[in-house]
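The following pair of complexes shares a single chain, chain A, combined with chain B in the former and chain C in the latter.
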Partner chain A sequence: MRAAAGQFPSLQQPITAITPTRPGMSWLAWLLLTLGRWIATLKMVSELEFIHFAQWQRVRTKNLPRLTPDQPAEDFAYDFFVFTTNYNGDWDQYIDTFARVPHIRLGMRLLWGTSQGFPGPIPLRTFKQYIHYHSYPETLYYSAYPASTVRNIEAAVAVKAELQKFANVSSTTKAETPAAFRTRHLEMLKAIAPKLGSAPGVHPFTIETSEPGEAIPVLGRLAGGGKTGQTLIAAMSPIEVKPGYEVTNEIAARIAAVSESTTPSPFAKCPMLHFARLVVLDDLIPKLGSSPAASLRTNYLLFVAAIDGELDDFLDCLHAADPKFVQDVWGRCLGYPEDGRGPVFLRRYIARSLLPVQLPYVAFPEHTALDIRGAVSIHADMLDWMAADRHSTSDAELMAEWQSWLDQLFDGTRAFR
Partner chain B sequence: MSDSVEHYDDIQALVRGFKMRWPWALFVYTAFGDDPARNREFLQTLPDALGCHGRPTSVAELDARREDLGFDGPFNVAFTYRGLSKLGITPDILGSFPSEFIQGMRKRAAVNHDYGRSAPESWEEPWRHGSVDMWIGIYARTEAARERQHHRLTRHLGTFGMRADGFDLPSQITAGDTPVWIDDSSCQPEPSQSVEHFGFGDGVSDPPVKGLARAGSPTNSAGGKIDAKGKWQPLAAGEFLYGHLDEIGEIPPAPTPTDIGHNGTYLVLRKLSQDVDAFRAYVSAQAQLHGMGADELAARMVGRTRNGAPLVKPDAEDKNDFRYDDDAQGMACPMGSHLRRTNPRDSLNFATALVDRHRMLRRGMPYGNLVPRGRAMGEINPLDTTTGPDKPYPGQGLMFLALNIDIRRQFEFVQSQWVNYGNDLRQGSDRDPIVGAHDPDRRKHNRIVMLTDTASGVAVCPEIPSFVQTRGGDYFFLPSLHAYAAIAAGRDYH
Partner chain C sequence: MSGCVPFSLAKLNPPGLRQSLSDFFRDTVFAALLRSLCRVRPVWHVPFTNTVWVTGFDAVQEVYARNHDFEVPYAQRMEILRWQGFILALQDTPEYHDMHDGISRLWQPWDTAHVQEIARATTESILMTTSSEDLDFIQGLVKPVLMSIVEQHYGVKMPARQREPFFEGNLAGSSFVFRGPKITKKQTDTVTPAIDAVWPVLDAAMAAAREHPDPTTVLGRYYSGGSPDPSFTEAKMRSALMTMIGGYLPTCTNASGRVMDVLLARPDAMHFVQDAVTAKQDGILLTGIQEALRLNYIIPMLWRRAARDTYVGAGTTKHRAIREGTNLAVSLQAGMSDRRRIKNPKRFDPNRSSTVRMVYGHEFHYCIGASIANTVLIEIFKGVLKRRPVHGTKKDRWVNAYPWNLWLTLSEADVAS
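Moving on to the complex of A and B:
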């Protein structure tokens, strides 16, 4: 299976692959994922430098969220292995190279070795077919910085740090001569030069804060030095008991409409959100082949997000951003209180739908989404500044020009902290 | 099944390459008629000529056979998808060829960044309308011999009621005593060095292939892949020929029946014009700005000296035997230079593991005369607007020829990810300073940032114009001799 023509350079692509675990091997999948962080799996992912986030989860079928008494218990014969990630570039072509690096090959074997029908990482052809076959289209995919690759962010964050270091010295050095300034400035430029490849910058279609006048309660708390450190969550909410598909289709259509709209989605109004996806799973079972109990009895909505700080803060924000969307999507899922109109109901509902997270990876765990967007935009400004010809600028002029430029960077959202 | 080239006599000569042995080439682009049987009849008259480029047991034997046939040198044939379909091959077989080959280069313009002045709508004929069915590549020892063969082939086509839709006359050019330096005469390449039009040694870093010895150094694998012990190894034959194991130990998916593909490969042919005036002017202006020599700056953009020596190892005896492990930041050879982009070697993680699947055998040759310094290219290679199918378009540039087994994974990947995008080499969205498609509408990305040892330590060269334009080209299937014979005879695949 090949990706559509003319796709690259595609900057971020999601994958949602859900494979059945081999009967009797489910515990091993769990064990491997639990041990995963010690067997260098995550180091391997970070070496690849094109994955923003990834998580692997073993999900017990019998533990799938059952949120109303009349939702039947699942008796499907397999457990699930849920892999969600995103990446830069062209999947087919990069996956090609996986099989050439021995420890990555081993990593694949370990991670998917417990999955039913897994052909192994080689031949690559059958491996690709397997992942494609078990991949589900995202009904909605959101990224706070969709135009940035992992390396773009890496460069932006490094440039921002150098500028910050430079600014700190400037503010503590009294009466620096213009000549000394130029020397120091030159050293800084040399340090950041390898990071100055041009980048698309901040994607124009996302916004980072709410519209003026629109009150989003959680903003203040985050800006006031809220918790750092990212949280990865995955929630599987039951939509509808089969053979019902009406609600499922309506929810899917509602999400798709938001996904295709040119106006910012409610997710874009949540500044603590890095990535989010919604996947309507109404055909999980046909992909698993025929077995006696060849059907999940319920359709589910998979919701995966990477956020700064606490899940509840994010859910509050999402609810404030578009309560109608929350109502139209989760509000119609099984077990959501019928008159549940406030954010507290969303919090409680998602909490009941959560799947245990086992092996989470994020490329920039130290940085909030706003940090990253700020760094990306500072990087773009730095490029513009570098592009001007200053060969005949005097030391004093350079110093003044730089200072006024640097002052502009302290414009609130992108400010150095 | 092996990862080494075995049946040498079944493979067209182009795969092995000619270098300076047959420096005069004639490329003829032919359109077939509507009758497949008649088209095949024409093909049947060629195998005698084709046969002479198997591995000769001796040069004397080869010479004798060439004499008999009236052709001086290697003779190669490749087909576009359109060409194959006019030979009466069963649709089922045709449909099993890879989709990018079926689409052809015109439809892949977006992937290859052929837009603006390089867009297919502004290509030369016969490429603009995609009317080429077959490429015939004849290589000769002398210009006179090429001329003779051109006549002979034209006559031969005529007897079948066919004609060439267009042709090109590329040749290996040496610097000789034509000055190609800009401001430093010591940069003039050796007289015998073969160069391209910007005045740089070219075609130096072809990968060694298992079973396909590099001329004169059968055991030298420099420039191939780096193994677990850190040693150079040749690349598996399956990266370049059907029916062989490739770099991950698989046999690449081939058209069915696999026999039609076995020992065959794909030829990516592109006619790239080079704007020598713009290149020299831009480099001179930028060099002045950054306090460097123009030839020095040009070399940094290319990644090699004009003699073809790599900047990371200028005194290398073997110009292909070098690595970037001591130059991780790109101090000696900029990360964004043409050389580093088109073959990053060990610049990426995991030695060459992320590079080996994106290599090509390059068989390009320049066309047009070298433009001496101080002269305008219009004086040397004047553009003649009255040209038609009877004479080649003037100007100067490169007939880019690359052989690979997966056009998408090899040629198109390099073109779209490494030449016209910079993420892998940490160059953001910047493009190749020499061959990048520098779109005037996206000026921001038309630049290169280089670390230098000048006072400023860093040079940003902004708003690079497109020095190279695509004038035409297509994707061709270069069959093995046995598959050619079967296609020509109308057996097995019809």
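Moving on to the complex of A and C:
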């Protein structure tokens, strides 16, 4: 099964590409990623304005999690280069950018140059074929703000900051006259107007299938008040030893059921989560055109997520959100304690399944998921404010209306509707 | 009631050197010992004994979650108390689920509105009529409010002369239940008259409700359909009533005192909860209360017994063998200050993840009356905090582990208004 672009009800689509490294070049991949983490600012990626999240990892085959003694060691002769990302727009355009923007093309050549069969970014046809061939379908993809593109969020964050500045001046200016307020209000509207063009519609967090306006219960709070930066995680949990497929299929079906459901997924109840994906890996694809020299001896579940704060807080929250989902998915994987019902077992299990994250990128590292949802909500609501005709409203009425509107606008619970 | 002299826990434990030494040992020496063990040996087999101390966060959660391997060992104590069917003393059996369902049917979630109304009215009537100087927070406010719930919501009314022995009998009973595995003659001699002051009150209340059921109370609801629910016999109801009183009066008294102790000692905590009260944010106030309780928990350790040969550390590579019959002293107090899981555990941080606060237990045997306790605590603290409490001039007193007299001086002004 190949990845299909646009398969999730979201303006963002994920890519999970895993390529085999060239024999003897695994160390170079590791070195490039390690150096990249310290040196590269990934400014070019940021300037593209359509990538929310990306991470590059070199995974050693011999270090794949082996969580029970009867799980056989993998015997691939080479390691793997794992690239996970999500982007707005079209898959072809995304890959085109990799090839056409010179700095990025150089970066791609360096990073994927250590992978077997990499044809180089040019010609595009073979490059796309290569990425497509090595992409794996995600069984579940979750985004905390699926209806927002990177540019939406940039604009939303700027609008929110402008409104906050405006509100702060209002609260510190004593005895502002209604006339002065109207002038200042007009200036503020002029400042934010160019940024409202990309505002989402009336339901900024829902696309097609979800119930609009449905309140999602939020569990847990944000560690450190949500000010501790984002954490990217990648965990690879062994599901079952081949030739077994029964558990793998059941887990895949369980995840797919959550993915396809119109009710909020357990991930939606975790306020610290930006993105998550689950990929069932039943094998790793060898170099294009070669006959498989080896096959994975165990099926794995790859879990990739970007969260605010501590991983343990997120896992506790996920467990509290839907303990049965956790039990049905990770609880059935190899090495999960039997009858391990409780968040402690999930924390321990994921800790043992973690892969090292080497070169991470997030578009909004300074903003929590809740911040972004709040900003997106405000962004959408400001369109309504702008749309109302207030030419005949007196200055005093405008001032009063605005104050009431502002209270609604900054109501924190709106971020979870 | 047996004997002529009413039972009094306070008189049995007069203030003096013995009580002071006991306070010092419990609050300073023992607490420091638990913290140290948590850091260096989270699962410690006490040499030459059949006892293991469990103090690490993960290990504590594991023992609580694996309730089939680590059973509650209170059966013998229940016999002494003539109390069959105490839910916290039951294993995961049909009897447990029967009792759990019965209690859930009678103490329904929407009862919290009634509980809130009673707690608020009682708190306000006490605070309106109390002099602002030297309010005894425990005896003058917490105790009457908690008892008002027992009388007006549960429907256990009693003559004034029976209130003190009933209240103190419950406290003594609770202390007895949660002591270590060894039952001494002194413990039995103390608790027998204590519990003799409790059962007759419950029996009289049930008899009165049978005759004249008041449907606004839980007991009245039980009898209001004519004959009681055959699936939940009167014997079970008697036990359920004792559960909901014996598990509520002592713990809420203890918790209230300890929370107030933390608030008075930490200006940042006091500011936080007062701000929550001013903003009329009950949920945030509750977060502050629970964070304070995490810092000063009601009981240093609870007990479990290994039902079979097993180990602690499921899901990790480090297993600590536990023999069948081993007593486990499990410390939620130490667990909630484990640096491996909780950053800066000594800091009052209401923004930390709520999942690190196990103030109502964890997984199986999670407090069945948590919603009632939360509601009452919110109302008590809301009432007091509005009046800006500071330490009173009189000396505080503890009786065993219970805060007994906690003197406050209140401000005349209602700051929230």
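One rule holds for everything that comes next: the second predicted complex is superposed on the first by the 359 of 417 C-alpha atoms of A that agree within 3 Å, B and C clash if a C-alpha of one lies under 4 Å from a C-alpha of the other, contacts with A are read in each partner's own complex, and residues count from 1 in each chain.
Convention: contacts are C-beta pairs under 8 Å (C-beta built on N, C-alpha and C of every residue); 3 or more make two chains touch, one makes a residue touch a chain.
Fair warning: this is a prediction, and the values are worked out from it, not measured in the lab.
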Contacts of A:310 with chain B and chain C, given as first, second, both or neither: second
Partner chain(s) touched by A:339 [first = chain B, second = chain C, both, neither]: second
Touching partner for A:320 - first (chain B), second (chain C), both, neither: second
Which superposed partner A:43 touches (first chain B, second chain C, both, neither): neither
Partner chain in contact with A:186 - chain B first, chain C second, else both or neither: first
Touching partner for A:123 - first (chain B), second (chain C), both, neither: first
Overlap of chain C and chain B interfaces on chain A (superposed complexes): none
Complex contact set, residues of chain A against chain B: 2, 5-6, 8-9, 47-50, 88-90, 92-93, 96-97, 99-102, 122-125, 149, 151-152, 154-155, 186, 189-190, 193-200, 383, 386-387, 389, 391
Of chain A, residues touching chain C in the complex: 219-226, 309-310, 312-313, 316-317, 320, 335-337, 339-345, 347-349, 352
Complex contacts: residues of chain C adjacent to chain A: 58, 61-62, 64-66, 68, 287, 314-316, 341, 343, 351-356, 362-363
Chain B to chain A touching residues, read off their complex: 99-100, 103, 107-108, 110-111, 228, 247-250, 253, 289, 329-330, 335-336, 349-350, 353-354, 356-358, 408-409, 413, 416-417, 421-424, 426-430, 444-445, 447, 449, 451, 456-458, 460, 462
